[in-house]
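Below are two complexes that have chain A in common, paired first with chain B and then with chain C.
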Partner chain A sequence: MIGLEAGKEHPDLIIFIHGFPDMASVWKEYVDELALTYHVIAPQIPLKQVNYLSFQNKILKWIAAKKPRKVFIVGHDLGAVWASSLADLLKKDLTGLILINGMGIREFQNRLKNPEQLLRSWYMFLFQTPLVPELLIKTFPEKLLTIPHLLKQSSFLAHKDGLKTFWQYRVLLKEMLKSIDHRPSIEARTLILWASRDAFLLIPKREEFEEHYKNFQIRIIEGDHWFHLAQTEKVFGLMKKFFGDPA
Partner chain B sequence: MKSKSPFDDEALHLQLLVQKKHGWDLENDIPWDLGIKTDAFLAPLDEDALVFPGASAEQRIVISQLLGLMVNQTISEMESSMPKLKLLAWENKLKAYPVNPEMFELGELFYEEERKHALSFIRYQELFCKTNNIEPHELNQLLPCALNSNFMKAITWNAEQGGASFWWLVAAVEEVSVQIFKSVNKCRKEVDPLYYHLHQKHAEEEIRHENYAFLMLEVDHAQRKNLKQNLINKTDLLLAESAATPWVLTELTKIYRARDLKHKSPFFEILASCIPLMENMDKRRLIKNLYKDSPYVSWLVNPNMKTKHHEMQKKTGALSWVSA
Partner chain C sequence: MKILRQLASRASQIESIPVLSLLSPSVKRAPTNVEIEGFLEAQTLAQNSTKEVQSLIREGWTEIQAARLLETVLRDHGVKNFFHLPFVWFGENTRFANVKNYKDFQATKRRVHENEVVILDVAPILNNYTCDIGHTFCLGENKEYNEAMAFLAEIRSLIPALFDGKISGDQIWKDVDDIIKSRGYDNIHSQYPMSVLGHRMHVAPAGAGNIKLLNFEWSSYWNLLSRGMFGQVLSPTFQGGLEGVWAIEPHIGRPKFGVKFEEILIVDSKCPRWLNEKALV
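Moving on to the complex of A and B:
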């Protein structure tokens, strides 16, 4: 489960959850920098489909075993879905949550009522079809990885193994259908960082988070879907301020 | 350091600190005890005394005082109208595009400063009335009023539709306020000292926060929009200009009411005696003067005079009478 881990000697824990089609290694710069002060881990989303709840429980058990003084979770893209779900389960045991260009299941569910978001999430529906995504990923992995480049969304090229985590979209849709009546309640302080030019997700409105997040702040940063990799200094600054804030 | 981008949270934070540090207090930082010198100029005049060529020295002072009071009232009316549109034009926009908490904090401070400015100008007007034995309601008959005007209705309608005419208008008033102080500063010795201090303090804060309206226009420009909203935004500036210009010119015609008030005080009597000077003026020259060559009035009614607008207009692609 653990992709990267460093700073084991520190009592405060930060968990970085990557998005699609990234791998845990995408957080390397963050792990190295923050490990000077925190125990930092970046779990690797399994390359083969696993049960949503069992993977979530695995992380929860791991956290419980470590008995950290404070817990922070950072999620990017689909990693934000995991991060938000974990925050809902951890309740007061979570100190802070950072969502980078991503949101919880419930918020995303509401978003899909917006035709513009539906159009931007076209690939999510492609991933629901049986065998087709597997075939595409096997046959044209490089071509699929260059889609964000064609959309001018990233100068960063993900690892082709990251594509194998597409199963999350299948699980996400099922979870969305299952959790229609679920009202999450995120009690931890939440920082939402969002790119001004994200081709996949529309800019969030405050009202989208008001119902489920007790204490949140939104910051829009000039950049694309992977702005946190292009502007690490800026994001480090915001994160360190957030982690160090006693409020 | 003033931020040029609503995304630059660090610069916004610094600006917030600077504004808070240098912000003035309405009671303690304006020398109200100076009182008002009844024989001093308020708004310095050009050679034509705005549109009253050949005015005597006594008439020039009264014209200058009325113009100075009109300037105060116009700024005060604009600034008083801001809180009324706070939810529609500001809060709703930032909730739909919550760029960062600093933009919210700067906005709160901006509104607070504008409220203070409006109060300070109202207080000056009251003091002027008291010093000159004028009834405030009589003076108000000659001064601009935005409340319930078609102009404000148009701006409010636009804000209800998600438009940004309000911010174009605020940007214009901010720019003109600074020009007014520069003009007052040039003739400092002839100007009523309290009027000078008031506009100096006002200009200081205007200069510090003049970028806020432009930042809001940037936020508005960055927001996702449907076809209707795009169309509204394209014409926001055009609407602001089209609504403001007739309003300013209509409000100027209130000067004719001085004739009905001439028995009430020497101020109104001298003012009424100036009206023939304007009536004798060639109408074409009168219009040209008001649009192109009159201090204060031209700055408000002529879009060409608002230089900072042009850059933003180009950036947003907003239509303007200048480009139309």
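Moving on to the complex of A and C:
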């Protein structure tokens, strides 16, 4: 489950969850920097399909076994979906949540009512078809990995294996249907960092989060969907302030 | 009403139905050692899984969240079918305060709060062996809960002796009801379908498919109905033989909450005994 881990000696835990089509290694710079003060892990999303709740339960059990003093979770893109779901289960045991260009299942469900967002998420529906995505990923991996750059998302760093985690879109849709009535209740402080030029997700509005997040702030940052990889210094600054800020 | 009760009493003596008994033979018999092992393995897995979920439940979870996680944990351990999927009740739901029909027994969006009572009740089938367990705990400290659990432990210690064959099943039901009421508690299992204090356990067919109705899979209905139903459940009218494997589930209530346990009881020519003497209660 664990892709990267460092700073085991520290009592406060930070979990970084990567998005699609990334790998846990995208967080390396963050893990190395923050491990000076925190126990930092970056789980690797399995390359083969697993049950949504099973994987979530693995992380929950791992956290429970470590008994950290404080827990922070950072999720980017689809990693934000996992992060938000975990926050909904950890409740008061979670100290802080950072969502980077991503949101929870419930917010995304509501977004799909917006035709512009539907158009931007076209690939999500392609991934629901049987065999087609597997065939495309096997036959044209390099071409698929150029799509973010074609969409002017120049901060993207390609990882061929990352494409294999496309199954998340399948379980995400199933999970959306299963939890259609569920109203998450996220009690931890939440910081939502969003790029101004994200090609895949529309810039969020406060009312999208108000129902489920008790204490949140949104910061819009100049950049693309992977801005946190291009502007590490700036994001480090925001994160460190957030982790150290008890308010 | 009296005629219906008499009919139900008569029907409870039916253990199998001609012709259907070829597919669903009577289970009114002592289990073999292999069967006991199978039931024990299933029950141990279910009990460990409920304890795992107990350790993860936090204030603010909904019953549905807990039920889904319990099902996931069991499926991750190889369970493919269920006699019934998880029932989860929080707070006043643990005493069925809002139950008006069978659908209301299912997990709801009700959230758990500090110091509230939680009941997890699940019946997984592992390697064809069915078990059915109920586990009660409290999310914090609650004196009334502690007292109720101590009383439930007393009831648990009394139950095996009631199955020694000296009294009939309907009398066992009545005796447990009297014990519960004598201490000022409500009998909550009287609100279960057919007011059952327990029901027989079966070896389920492998790969039975998972079409379900109201949390119960089709094989559960088949196992009960194909054997005449009334002889499979320890209801207030039961007069059939007691030998066999039972899931016993006394459920008692206070005005604001209820507590229960559910475990397998072995009734054979030896002393009636709990499948696992070490209790969760």
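Observations on the structure shown:
Please note the rule applied: the second predicted complex is superposed on the first by the 245 of 247 C-alpha atoms of A that agree within 3 Å, B and C clash if a C-alpha of one lies under 4 Å from a C-alpha of the other, contacts with A are read in each partner's own complex, and residues count from 1 in each chain.
Just so it is clear, contacts are C-beta pairs under 8 Å (C-beta built on N, C-alpha and C of every residue); 3 or more make two chains touch, one makes a residue touch a chain.
If you're wondering where the values come from, they're calculated on a predicted model, not measured in any experiment.
By the touch criterion defined above, A:196 reaches chain B but does not reach chain C.
Of the two partner chains placed around the shared chain by superposition, chain B is the only one that A:221 touches, whereas chain C remains out of contact. In the superposed three-chain model, the partner touching more residues of chain A is C, compared with the other of chain B and chain C. When the two complexes are overlaid on their common chain A, residue A:207 makes contact with chain B while staying clear of chain C. Contact with chain B, but none with chain C, is seen for A:116 once the two complexes are overlaid on the shared chain.
Applying the stated contact rule after C-alpha superposition, one finds that A:182 touches chain C and leaves chain B untouched. Comparing the two interfaces of chain A, the one with chain B and the one with chain C have no residue in common. The residues of chain A lying in touch with chain B in their complex are 116, 196, 202-207, 217-222. Partner chain A is touched in their complex by these residues of chain B: 5, 7, 9, 95-101, 222-224. Residues of chain C that touch chain A in their complex: 52, 55-56, 58-62, 64-65, 68-69, 72-73, 75-76, 109, 111. For chain A in complex with chain C, the touching residues are 51, 53-54, 57, 60-61, 64, 88-93, 178, 181-183, 185, 187.
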